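Attaching a single structure in structure tokens format; questions to follow.
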Amino acid sequence: MKQPEFEPAEAVLSGETTDIYFARTIEILRQEGLNPVATMEIFSSRAGVLCGMEEVKALLEKVLPEDNREVWALAEGETMDSKEVVLRITAPYQSYGLYETTIVGILAHCSGWATAARECVSAAGGIPIISFGARHVHPSVAGVMDYSAIIGGCAGCSSVAGAKLAGNEPAGTMPHALIIVMGDTVKATIAFDKYMPSEVPRISLVDTFKDEPEESLRVAEALGKKLDGVRLDTPGERGRVTPDLVKEVKARLDLAGFKKVQIFVSGGLDPERITYFLENGAPVDGFGIGSYISGAKPIDFTADLHEVEGKPIAKRGRIPGITPNPKLKRIM
Amino acid sequence: MKQPEFEPAEAVLSGETTDIYFARTIEILRQEGLNPVATMEIFSSRAGVLCGMEEVKALLEKVLPEDNREVWALAEGETMDSKEVVLRITAPYQSYGLYETTIVGILAHCSGWATAARECVSAAGGIPIISFGARHVHPSVAGVMDYSAIIGGCAGCSSVAGAKLAGNEPAGTMPHALIIVMGDTVKATIAFDKYMPSEVPRISLVDTFKDEPEESLRVAEALGKKLDGVRLDTPGERGRVTPDLVKEVKARLDLAGFKKVQIFVSGGLDPERITYFLENGAPVDGFGIGSYISGAKPIDFTADLHEVEGKPIAKRGRIPGITPNPKLKRIM
Amino acid sequence: MKQPEFEPAEAVLSGETTDIYFARTIEILRQEGLNPVATMEIFSSRAGVLCGMEEVKALLEKVLPEDNREVWALAEGETMDSKEVVLRITAPYQSYGLYETTIVGILAHCSGWATAARECVSAAGGIPIISFGARHVHPSVAGVMDYSAIIGGCAGCSSVAGAKLAGNEPAGTMPHALIIVMGDTVKATIAFDKYMPSEVPRISLVDTFKDEPEESLRVAEALGKKLDGVRLDTPGERGRVTPDLVKEVKARLDLAGFKKVQIFVSGGLDPERITYFLENGAPVDGFGIGSYISGAKPIDFTADLHEVEGKPIAKRGRIPGITPNPKLKRIM
Amino acid sequence: MKQPEFEPAEAVLSGETTDIYFARTIEILRQEGLNPVATMEIFSSRAGVLCGMEEVKALLEKVLPEDNREVWALAEGETMDSKEVVLRITAPYQSYGLYETTIVGILAHCSGWATAARECVSAAGGIPIISFGARHVHPSVAGVMDYSAIIGGCAGCSSVAGAKLAGNEPAGTMPHALIIVMGDTVKATIAFDKYMPSEVPRISLVDTFKDEPEESLRVAEALGKKLDGVRLDTPGERGRVTPDLVKEVKARLDLAGFKKVQIFVSGGLDPERITYFLENGAPVDGFGIGSYISGAKPIDFTADLHEVEGKPIAKRGRIPGITPNPKLKRIM
Amino acid sequence: MKQPEFEPAEAVLSGETTDIYFARTIEILRQEGLNPVATMEIFSSRAGVLCGMEEVKALLEKVLPEDNREVWALAEGETMDSKEVVLRITAPYQSYGLYETTIVGILAHCSGWATAARECVSAAGGIPIISFGARHVHPSVAGVMDYSAIIGGCAGCSSVAGAKLAGNEPAGTMPHALIIVMGDTVKATIAFDKYMPSEVPRISLVDTFKDEPEESLRVAEALGKKLDGVRLDTPGERGRVTPDLVKEVKARLDLAGFKKVQIFVSGGLDPERITYFLENGAPVDGFGIGSYISGAKPIDFTADLHEVEGKPIAKRGRIPGITPNPKLKRIM
Amino acid sequence: MKQPEFEPAEAVLSGETTDIYFARTIEILRQEGLNPVATMEIFSSRAGVLCGMEEVKALLEKVLPEDNREVWALAEGETMDSKEVVLRITAPYQSYGLYETTIVGILAHCSGWATAARECVSAAGGIPIISFGARHVHPSVAGVMDYSAIIGGCAGCSSVAGAKLAGNEPAGTMPHALIIVMGDTVKATIAFDKYMPSEVPRISLVDTFKDEPEESLRVAEALGKKLDGVRLDTPGERGRVTPDLVKEVKARLDLAGFKKVQIFVSGGLDPERITYFLENGAPVDGFGIGSYISGAKPIDFTADLHEVEGKPIAKRGRIPGITPNPKLKRIM
């Protein structure tokens, strides 16, 4: 994966997205003429996959004085323990104090998404996972969410913005809407095949109007060898997708000679459900995951000052001075 | 609250934040020359407080053809049931099909935040709740998150962007960082009082260096009548804030004659914990809530086509035709 | 319901179906010349619907001496409490001692079935229940099982033998085998209609080859007004029958103008599942119940001697003498 | 064990014990002139001991055309897995379609009993188990139930009919009724010894009137070396039989010099309770099991057509074509 | 109940039974010449029945200076809430500081016993409870334990020391040892009747050698009208005492004409078991309770200084100054 | 540990602390002239550490006839199994029958305490445990409780009486009361140091008025090298002592150069909590345990006669004759 390019937004730089009390703190310190070199450490509240560090780095590059700064960090996508220090900034406090909210917010949200993605990827044991969850988050974070899912191990994502950040192509099949508007799955599949560039895989969604194995055979007969796969997204009212359904679709396709058609599964999946498919021997070729990743709870991060002007200090409940962590690398 | 002003971002309008398969669907339909008037209904997966509708409205205003559209919706902040239809759009499908991801994404994220906020507000029984959770989300949604919290009933929020959207002033006291940089709580409190405009309440954070009751008495003696309140944010390592601690701080302040000093509580709060404070008679004057609101799981929404060119239709598992809901109001 | 006619089998009368030690007991008593008038009481181990009493009565009529007997009993189908005495026999012990195993065996098995049936009937709140469970029991008891189910409140049963005992007509629709042999549901339904007497309801099984709503519409269009109903028996691999499926089949039939077609549901049902359909407003016109009734655990009964030659006696753990129960009626 | 002889009853052959819809199916197919060779597979719903296959074989021998049939099956008493195919019939459908209910019913009930017996036998680790449960089932199945228990591993059974089917002698001691009628345990035991053939073991039931150890010593002193054993069947009101009671009876008999008297235990036993006796070192010489075996839930079996005229076919939810199972042996 | 007389032991007065650090504290204060009037409050850790206050009072009478003391307290046997102040002492600290351990220790142990007794008494709904638990505590506290049980509501106790403190007669029947030494229950009962003063009730223990109902009838026949009752103490190995056993003993005694013989139950009883007897209608005339009362966990009490020389003070976690409690009465 | 000296109290010898029915039994036997040599065995109801045997031995030495006694026992502090015989007395019954209550009472209470202590010691893995629980028991058993705790493995105890019995010095730091009376922790610590003999360790209690790390630094600066340690006893209202607090106190003391100051923890500890400290790496130098040990439930013991005049005998539920136990040693 090539390096993504993050550019801090104006609203971030101006402090608009931060807690007001940091703006006030900077104002007070300016008035008092206080700008000590201070060391802030940031640690996570639980174990997971660290994500957001590249975006944080882009911000720090912009705001820290080049000649008076020292920043140590874990890398994007690195595994972190509970309570592990993932970032340590030493610089004049006024240069970065305003951004505490922003820094921990980026890490919290992105690490939450990446960690949930990693759980799915681990459960799937090599079968590719695609992030399909843009529909459960605000569009302002759809891209960064899908980027985080890919950092967590997803093979692709459905949003254009996410794919752009991650430097690859967006992934997708066809929605129920296309089939409903066209009135028939076979008709929609033929149209899809007719107009889409050849590099887009031909994967038909086969649960809209007819029983899945019947519809699978219909699209296979219509497209012949051009059909790459079918997607099963059976709704809960119809018992959602089960391992037995996947096996039966596969068996009926095989019986009719369509042995190369792949089967993709989506709809309410999570690591437990993925494991259930695998343990029951369902021949799945790819999973599409929605809200388990995109609706994952952020991983709270905490920022603490541990040194001021080189002297160990800390609030009650913390140990004064630098917290040793050999995994940290100096990045600035 | 005055009407917030939402302006669809360029990335939203261009379809960059949507699932790729909707872009492909529109492309296929254009090629096929198909643009039927279609009715899409959107329903929630669980009960809660609907939020995001104003932002969705701003988008629809921009993309639906003025002379061929009919939109029915519940209002911003209205209570919704599980599976209740909250939005119904009738218009040429090509005009809005691209935005399905965006529309359900906005509603999902914002309703998740507003609903969590409402739970806290209900638990607090009239004691004001302030949203302090910007530090747990990506800065791109810090503002809309805080706006949603206020729609859910919060009295205020800590981010500048959220307050702007909601049309009020951001709220905050002082961070531990100010006190650590200045080296002493009393000194920091005096500086705060010296430089902040008079309309900013004087609320001192009293758990940084010394036992809370002792520090409360120190700042009360230093500021006298100017002190509006103290905030307790005791870390878990020190037993976090308990009802007994609040009562003791109050009792010791009263004993020393500082009966008007208010007490604000923050740190790991949720509705259960709020209830615990109230049931134990803790004299709290305000709660600051972080990740319970900002890290709330989005409420998934589902969009379904129910009519095409006036004819009832639906995918398997859905009932064809319009779903009656007398609570819907025509908004376009 | 007319009185069923039970005729004790030869194997029963000869003692072949009893525990060997009762045969030995009678032999010893004969050798000893002991044949006291003894009172035996029989009580159930748990509450339920008493069934089998008519068959027991037929046996006692045959074996007890007409001039020296007194029998008190609860009636067939009557509700009984846990530990309630349901039968009291006073007669010379040699005349009935051999049949203790048989008597408690009949009551145990039949009351177990009737009680399970009653639970389903209670849950269904007026919607008819048909016993479909002959396939889970040995054919020697298929009839008496279905008879017991009807005593427990079922509206009918599927076995010929059961219907004969209960004095009504057997009930049934069509099996998957008919449809598979004929190759198509519509073809099978038309043949059924062609050859079956007019009093047999036309109910088509609609889950064999196609999605249920689609198949329902096909058979409705084929038979028109002659179609009485459809049966849903969706297998677990397809999510079994759900309230949502019933509602959707109903809605799609209604939309197509087939408003009078009834919907019958079968497959793994029990009182909890019946309640689930009702609570979710599924428009079900009849339930077919299998192993919940026919595989019900027998209700153990215990037989104790309480008087010998008019003198109270009992084994350890029992109270000597007659146990009062005003609900008992003298039947012999 | 010698081969049992099963003879299909007239009511079975006439279709009286089957579900009515199979009779109707045969009627329709006859009218249509359809009688394809069809392959039916039967599989169990859970793991266990297969039983009833001999009785099914006797039926199939009678109804399948000798020159056009192929039957593969697991053997009587063989262990089967969940969902394992245990029987596959290929023959003209009209010859056997009527008996689907009967075939799965026999297997279900008998396998349920045999499986429960096996669980007890496994728990008892070599100590013999006798089936005492005829009193909890209808007399029409008392014999086949006890036969199934012996297939499952029981050393004997109490019903005459069961022993006949299994080709051995029925087992039993003496009932409470004998002792109550005779008024004293010692008197009853002496009479039993006087009249019973010498091959019947002398086992006295010692809980009727006196404390078990006291009564055990009384009968031991009365019968001397002729006493083979005592049976403990203490009722729940007296704490039922416990390991400590068995040990104490043994210890007091030993102390009095009756070291060869065996101890049999009955009353509410199941595998868990048997294990409890063994784990606590109770010197038990035999267990009598009642309703755990005879009231065992039948194991549901399912019959599916998988080929018609040599072509793979199946209803939704099943895989068309023959299901491979190398354990099946051809039996016809 | 007349006032018990408590006399502080020498080891208590000398400080031998206290925590060493109080002895050191008094030593330091003496050396420093510090002896301020201090107010100590004592509160309980959970709700219950206060007991031990009379003994504490006897100690305070001895050690507090008569002219400079003020003591407020709840009364012996009064109900107390969790965290309720039950005792407040104002006096020169040197006079009572040494006894903090002793005071809270007496209250803790005695209140634990009284509270457990109260639970049994409440469960028994008027049926008398006798404390039989001396055998589970050290003899040094056997008396004060039984005294506390009577404060909690017991009708009597088995220890001589406890009865003396409580001012009544000790209660008891006969132990198994007497019967075993004499070799027969009837013989032991006759001897008991022969030598015991007439005011001692004739209650025979009937589970030693024979089944309880049989032995009950034997002693009833031996003593005739002189028999006041029987005690059932059946061991666990024999299923301990059950409601059914009590009913059967009663029924068999009644049947034999001994309607006035009372039934006493002991052996592993607690409030839950007492309730079980009552709910099952067992005709019990008295319960003997052992370790549920005597092995009850002490109720921890905490002592805190709240004023020194009239000035409110308190350690962290406590509210300085007097805690209001209108239930307190001045006792010195 | 040197042998403790136990001296039976007069109230014990006179039978005042026993159950009245033993006094009556002795009286009856005297009148009957019965004094057989009888063997009594005593076994525990659960596994644990045997304690109290030395005190029992002192009693038996006094009451058993020297020329006609045989006593076998486990040793003080030895581990015992559930139901294991720990004491066997053979002597004329009149000589010891009166003391059954006393003997089992001593063993029950003392073994309960010793066993609880052993659990704490095992959990602490070498870190010393001090028994601080005198304040939760009646002063009459404070000494024997602390003695039992030391038998169970505690390194010391807080009561003077317990230390005397165990033959060592009582342990303790300083109470909150000393600090409150003196008004300041530093002042109290200096006074303690001034007046206490040099062999008493200087351990300051640091949670009374100020935050623990702050107070720890204050006393360390005041006493310098003379300070041996600090005790943390933080109340629940302040989050009680946590591993994090211990670590922070240690870190701040180390940072200030006080690396040798030890840390002692007390307040609501039990084995689970001790394990929690250890698993979290808290640098604790000693634990003070209160009610977990002193409020431990006594371990019930049962005494049974197993031989009278050399003949095996036993009540129902027990095995007559001597119970073999090779661990028993002859002690008299």
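Note that the chains are named A, B, C, D, E and F in the order they appear, and that numbering of residues resets to 1 at the start of each chain.
Throughout what follows, a contact is a pair of C-beta atoms (placed from the backbone, for glycine too) under 8 Å apart; a residue touches a chain by one contact, two chains touch by 3 or more.
Quantities reported herein were computed from a predicted structural model and do not represent experimental measurements.
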{"item": "Subunit E and subunit B - chains in contact with each", "value": "C, F"}
{"item": "Each chain counted as touching subunit A and subunit D at once", "value": "C, F"}
{"item": "Proportion of interface numbers common to subunit B and subunit F (over half same, under half different)", "value": "same"}
{"item": "Distance-maximising chain from subunit B - centres being C-alpha averages", "value": "D"}
{"item": "Chain at maximum distance from subunit F, centres defined as averaged CA atoms", "value": "C"}
{"item": "Rounded Å distance between subunit C and subunit F, as computed from the means of their C-alpha atoms", "value": "65"}
{"item": "Whole-Å gap separating subunit C and subunit E, where each centre is the average of the chain's CA atoms", "value": "58"}
{"item": "Centroid spacing, where centroids are CA-atom means, of subunit A and subunit B in whole angstrom", "value": "22"}
{"item": "Residues of subunit D touching at least two other chains", "value": "209-211, 234, 236-238, 244, 248, 316-318"}
{"item": "Topology of the chain contact graph, where touching chains are joined (line, ring, star, complete, other)", "value": "other"}
{"item": "All chain pairs that touch each other", "value": "A-B, A-C, A-D, A-F, B-C, B-E, B-F, C-D, C-E, D-E, D-F, E-F"}
{"item": "Subunit D partner contacts - residues on subunit A that touch it in the complex", "value": "211, 213, 244, 247-248, 251-252, 255"}
{"item": "Contact footprint of subunit A on subunit B as seen in their complex", "value": "9, 11-12, 15-25, 27-29, 31-32, 34, 36, 38, 40, 52, 93, 97, 100-102, 104-106, 108-110, 112, 132, 134-144, 158-161, 163-164, 170-183, 188, 191-192, 194-196, 200, 207-210, 234-238, 290-291, 294-295, 297-298, 300-301, 303-305, 308, 313-318"}
{"item": "Residue ranges of subunit A touching subunit F (in the complex, touch as defined)", "value": "312, 316-321"}
{"item": "Contacting residues of subunit D [partner subunit E, same complex]", "value": "209-211, 214, 234, 236-240, 242, 244-245, 248"}
